[in-house]
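Once you've had a glance at the structure underneath, I'll fire off some questions.
All chains are identified by letter, namely A, B, C and D, in their written order; residue positions are counted from 1 within each chain.
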């Protein structure tokens, strides 16, 4: 009881076009720690406030985008039970052996109706660079760059949003704090397996398997402003912000990594409980829902994905 | 799955010596909304960001302190199941009928080994003053006074802390992000049933059933500073702060209501997961754990309770 | 000898199309205090942190815009001396008698080469609503709305910027912390008579006598965010921001009053000294100079004025 | 006109017991830049936002304290004119030749009635590490440690406060925004030669020539909190804060360098004008004036100086 089953986003594996540029971006600018590099060239990163070995994996490739997004479960029994429910729902499940990523146990993977690969796993080693647990300081060394505390969530674009919602809520036990309903159906859903306002979100989109953004958590609005200062100083391509989302109430900047993947720095956001009513946005207000200050979508929001 | 069983602190019933002074304090200064007054004189309050009917109950009495602290469960089945486990553990459970507080379903109550009455309930009506859920603004009207978003947690003082920890973790399914271990035993425990760094905490103390503080959640360190500005302006008795806790990492001020009950305004705090290691503080560092900047306890911390 | 001559912006008289809407905007939303209403219908306002009788005057009229912008001098002798220098420079000076505005001494007025009326005065009564000076609180009552502390500066559009710079620096003793130089001449100048990064600014523009914005000072970036929250809540027309200016380094939102006059809320900005070198921006960087995060001008910046 | 004569605090020369420890403290922790080291071992420092060669000089000595505090004037003519006025007031003036500190022109020095050496100078070279002035970024590289922007002011302890006030206001053209008046005379005075709430302050004290603190300016309350985080992380001795001063309204922490000199990080503070009334504090309220949240002086405030 309390939080059972899935706990949180555990791994985002991202494709980048140039690894050196990506490392500068994610390590020096966003402020993640580089915790390892694999023989296959993949680079493993984590936020300074994350306990486990890594949360972001960079893979050099010819196209940008996301390979998969994985959730950490509380036990292997939970993963095994989810496997049965996923297969019963009709999705095919495959296995990724322990050690395919350093410090990481066996994972299961499957493709949800939006065309994205989702994975579940129960074990990851604690990082040597984890926060202290014996008389800890709030951080060991001053946070760097945008001072990202952790990989927080992703927003994915693809078709069959209704099916995605059904799958995540009925099979993976997420709940849904917020949604956008257009006259012809659901445009977007925000779902969480915790008390965070969202752990994953989806927007309806004809092309499957696309990444809208991968988000990193900052402490507050002042750090959002500092992140914007850094973007101008280092010529990081900014999409929109500093602003606030009406949806989740988070304070935010969208920007791009050197490969064109959209990132977000995100702060705040309400505490979500499954007994709270779902917040619903309609066609006339979705602009304010996405960008609370601008009160309209920019063109890029619905079209630029990787 | 996801968050099952208990969801969050639901009700704190506090004894105050003078109701008018208490209303000024909790409504005008802390910024709670008064949502009702019962025929027996009890006053019902909630934070502007809380959905359910109330979270704080003020009862006029000859002595200050806390009557009970209640947790909201996700269903009556959960409450029924907890009742069995509580009774199996050896505590006596009594019933509070639906309607004993306005908008509130049946509750069960029991006394934990520290001498505090804890209650569980599954139903509370949504408040007429709940946040909007249809194209919502981040707030309907500008937050007032200290801008408290919600009742957040309490810290209780009493004996038998080891038993309390056992009961909350094994029977009520809390997990324990942080503790203070002295050479002669555990001094204090911070426990949560969610991803908040704590939903309830206990400090070992010879006298049973005492309240150290009831805490209200603010958005950030700037609002902590604004709360301090208000305390000076309105001669509110301040105990300590603005400062930070090493434990939970929350930013904080301790202060007193006109009846002598200690309040806290609290912002920040890490996101807790049950697979994270427990943070442990020892005798030489507990001062920094409690007051991160002062790095020592003040006399009042261990002695002034209601 | 410390600050001599002119001290600061003292009065901005603004034309509004509907006084009731204007009062709601400037008093309830921006948070100014209404200190009086004249028999001719003009309304007098001040920020909670301003000592003198008023700093903003609203005048109902058929067109929006600014009637004049006045600076407070340290003495009548200073005003008299400036009169001689202004006349020697070749501008015609007229007189406004004491009492033309409540609590305000005699003013002199003249039209600078950009077509704007500028006034100087030495005396204004202290306001009954001035900050306390005997054991003062940081404020008497909690700041309201956007929590504007004071009227801060204005940006004016008109021709003959080089002449304006010459006049303000050589005749009125301003200094110039920052400028934008295009290949064909100066686009914009920021000038101050104090240590503020600017007390008045001008942008080159064919039409004389136009107002780009009137600015109000907020405490910090958090209050800038709160102002943006208010704009969405109350459907206030926002132009751009929250963002930062590269020029002055101030944190800012541009928005419009109900009559179409642009307002700014402004926080931060460096401390200016006349022995510091002038910061100069060129054609390729002016976008970043104006909007540090967007790094380009929006269309409205150079075209929408009143 | 505008700001004439003295412009701002220009140099504080501080005695430290161990230079290596001092450099770690002022450079790594407070975040000043080290701009040079003299043959006599003196170390020259400046804030990242200061234009001129240096503002803080560390001199290794057997006792901590302040050697002198110097103000930068707008011209040599101003310095010459002040020399005459100082001598006419009855103080002896001596000369320090150009080059006694690197990049620094001739200075004059004298001892004010509190026993402190004050100096004036008109010329200092701009620093190679000055902020950019051609299309500048808000900073070249991310501020370090406590992110101090500049040396801001000092508070000095010594006798004859009334004489000191007379000298600074009548001879050096300072004005006095704030004072504390006890029944038996003035306890403390805050004086400025600019629009800052104070450039220098004095507290009445029997022993002459003592330093209470040297202050560094931070951007805002969030940076004050960050500074407190750093103090705990690096075991920097903290005196009081984070808190606010009622006097000046600045947000503050007092702490000590490794030699026992008190430092302050200071943010905010009102904008001072000489035509504003003087704020006056009395005996019953001085505690709130100094420490707005604590509302009482700590013992160290009136007794610990170097």
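Operating definition for what follows: a contact is a pair of C-beta atoms (placed from the backbone, for glycine too) under 8 Å apart; a residue touches a chain by one contact, two chains touch by 3 or more.
This is a predicted model, so every value here is computed, not measured.
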Interface with more contacting C-beta pairs, comparing A-B to B-D: A-B
Interface residue overlap between copies subunit B and subunit C, same or different (over half shared): same
Distance from the mean Cα position of subunit B to that of subunit A, given in whole angstrom: 31
Gap in Å, rounded to a whole number, between the CA centres of subunit C and subunit B: 47
Distance from subunit D to subunit B - Cα centre to Cα centre, in angstrom: 44
Shared-contact residues (touching 2 or more other chains) in subunit D: 137-138, 220-222, 229, 232, 244, 246, 288, 292
Category of the chain touch graph - line, ring, star, complete, other: complete
For the subunit B and subunit D complex, residues of the former touching the latter: 221-222, 225, 228-229, 231-232, 238, 241-244, 246, 251, 288, 292-295
Residue ranges of subunit D in contact with subunit A within the complex: 137-139, 142, 145, 220, 222, 229-230, 232-233
For the subunit C and subunit D complex, residues of the former touching the latter: 1-8, 49, 51, 72, 74, 78, 126, 130, 132-138, 150, 173-175, 192-196, 219-221, 244, 246, 249, 268, 270-271, 273-282, 284-285, 288-289, 292
